[in-house]
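Chain lettering (A, B, C, D, E and F) follows the sequence in which the chains are written, and residue indices restart at 1 in each chain.
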Amino acid sequence: MTEYDTSLPGIRQVQNYIKDKQEVELKLVTDDLIVGKILWQDADSLCLVDHYNQQTLVWRQALVFLKPKA
Amino acid sequence: MTEYDTSLPGIRQVQNYIKDKQEVELKLVTDDLIVGKILWQDADSLCLVDHYNQQTLVWRQALVFLKPKA
Amino acid sequence: MTEYDTSLPGIRQVQNYIKDKQEVELKLVTDDLIVGKILWQDADSLCLVDHYNQQTLVWRQALVFLKPKA
Amino acid sequence: MTEYDTSLPGIRQVQNYIKDKQEVELKLVTDDLIVGKILWQDADSLCLVDHYNQQTLVWRQALVFLKPKA
Amino acid sequence: MTEYDTSLPGIRQVQNYIKDKQEVELKLVTDDLIVGKILWQDADSLCLVDHYNQQTLVWRQALVFLKPKA
Amino acid sequence: MTEYDTSLPGIRQVQNYIKDKQEVELKLVTDDLIVGKILWQDADSLCLVDHYNQQTLVWRQALVFLKPKA
């Protein structure tokens, strides 16, 4: 993985989901699918919050794909 | 992984699929097979769009193989 | 992964769980879920302690997600 | 992984399979076994072609082992 | 992963298990659990020895967690 | 992973197995267990040969553990 570069389209798309409080589905290497809103991202991790206001810290190394909740 | 080098044959092949709006099958480490057209690629991720016009952001670390849809 | 940077939000969130002796659930790439309190973190690993006071050393490369125990 | 170094024995062995149009079996992290001939390799990926002349782009990060087809 | 730094708490904890000839359980990405004593560690690998005095070389990239045998 | 350093104990142990034509068991991330003798190693890969004299090129990123065949 390259350095954390906030001008990359992928990083910006995540940033837009944060700004729009878009509900997303996040697939992880363990095949877990986390549903929630992204609160923030940094170089190593993302933080999601679900309907019960519980926060989950997800490490970037475990990310597979992300899409807006249908 | 080396730096993101757009002159690499593999990167160029993806770029051709983007230009030709080629429908592709993308296999991921979770064994998911995503079918769609690639919208763009950057150093960290690829973005695909499916028949329902839904976008999926896929991280490069999760990529296994890619082929044109038969 | 970038260098270990203690100013990152993700690293600081773990640091807060350590300070607050918060019980957490830690999901690993093997799908194991470890429940306990985090004793310390360093650039390569985290150390958790469970109810029986047994310590587990977890390597960062195996981390998937972390949340406070419900 | 080190830089892509074409003098390494492993890289050269793949290069020989390419030159000899040797049919190979390529095992991937998803447990998929791809059978075909290698068309080219670069620092990030390999390209295989099967009996139906379909090309598959395989990312190096997904490679497990390679052997000549028995 | 950062450079191999013997002053890190995680590396030192492994070093203590080596010195104390502590029997440990080592979980790997394949879900294998290896039981034995650690003989040595280096930047890339660990070496364990079991009850039958058989040695196993384990690569760091495959490590998930480590704990003293209960 | 650090640079390929032939003075590391782990690299030297593999080198000894090569020199002694020791039959080994090599566990991979796919849970495959390859049995054979190691012919050579380089920074990216290992090459094993089995009883039928067939060669298998194994990428280092897929290595889990190695032990002498019992």
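Operating definition for what follows: contacts are C-beta pairs under 8 Å (C-beta built on N, C-alpha and C of every residue); 3 or more make two chains touch, one makes a residue touch a chain.
Note that the structure is a prediction, hence the values are computed from the model and not measured.
Peer 1: Quote the value, from 0 to 180 degrees and to the nearest 5, of the angle by which the CA atoms of subunit D must be rotated to coincide with those of subunit F.
Peer 2: 60
Peer 1: What chain is the most remote from subunit B, judged by the mean position of CA atoms in each chain?
Peer 2: Ranked by distance of C-alpha centres from subunit B, the top chain is E.
Peer 1: Relative to subunit D, which chain's C-alpha centre is the most remote?
Peer 2: Here the answer is chain C, farthest from subunit D.
Peer 1: From the C-alpha centre of subunit B to that of subunit F, how far is it in Å?
Peer 2: Centre-to-centre distance between subunit B and subunit F: 33 Å.
Peer 1: Measuring from the mean C-alpha position of subunit B to the mean C-alpha position of subunit D, what distance in angstrom results?
Peer 2: The mean C-alpha positions of subunit B and subunit D differ by 19 Å.
Peer 1: Could you say which residues in subunit C touch two or more other chains, in rising order?
Peer 2: If we look for residues of subunit C contacting two or more partner chains, we find 1, 28-29, 60-61.
Peer 1: In graph terms, nodes being chains and edges touches, is this line, ring, star, complete or other?
Peer 2: Basically the chains close up into a ring.
Peer 1: Please report the chains around the ring in sequence, anchored at subunit A, with subunit C in second place.
Peer 2: Sequence of chains in the ring starting at subunit A, next subunit C: A, C, E, F, D, B.
Peer 1: Quick check: in the complex, which residue numbers of subunit C touch subunit E?
Peer 2: 1, 3-4, 28-30, 32, 34, 40, 42-45, 47, 54-62
Peer 1: If you look only at subunit B, which of its residues touch subunit D in the complex?
Peer 2: 1-2, 5, 8-11, 13-14, 27, 29, 31, 60-61, 63-68, 70
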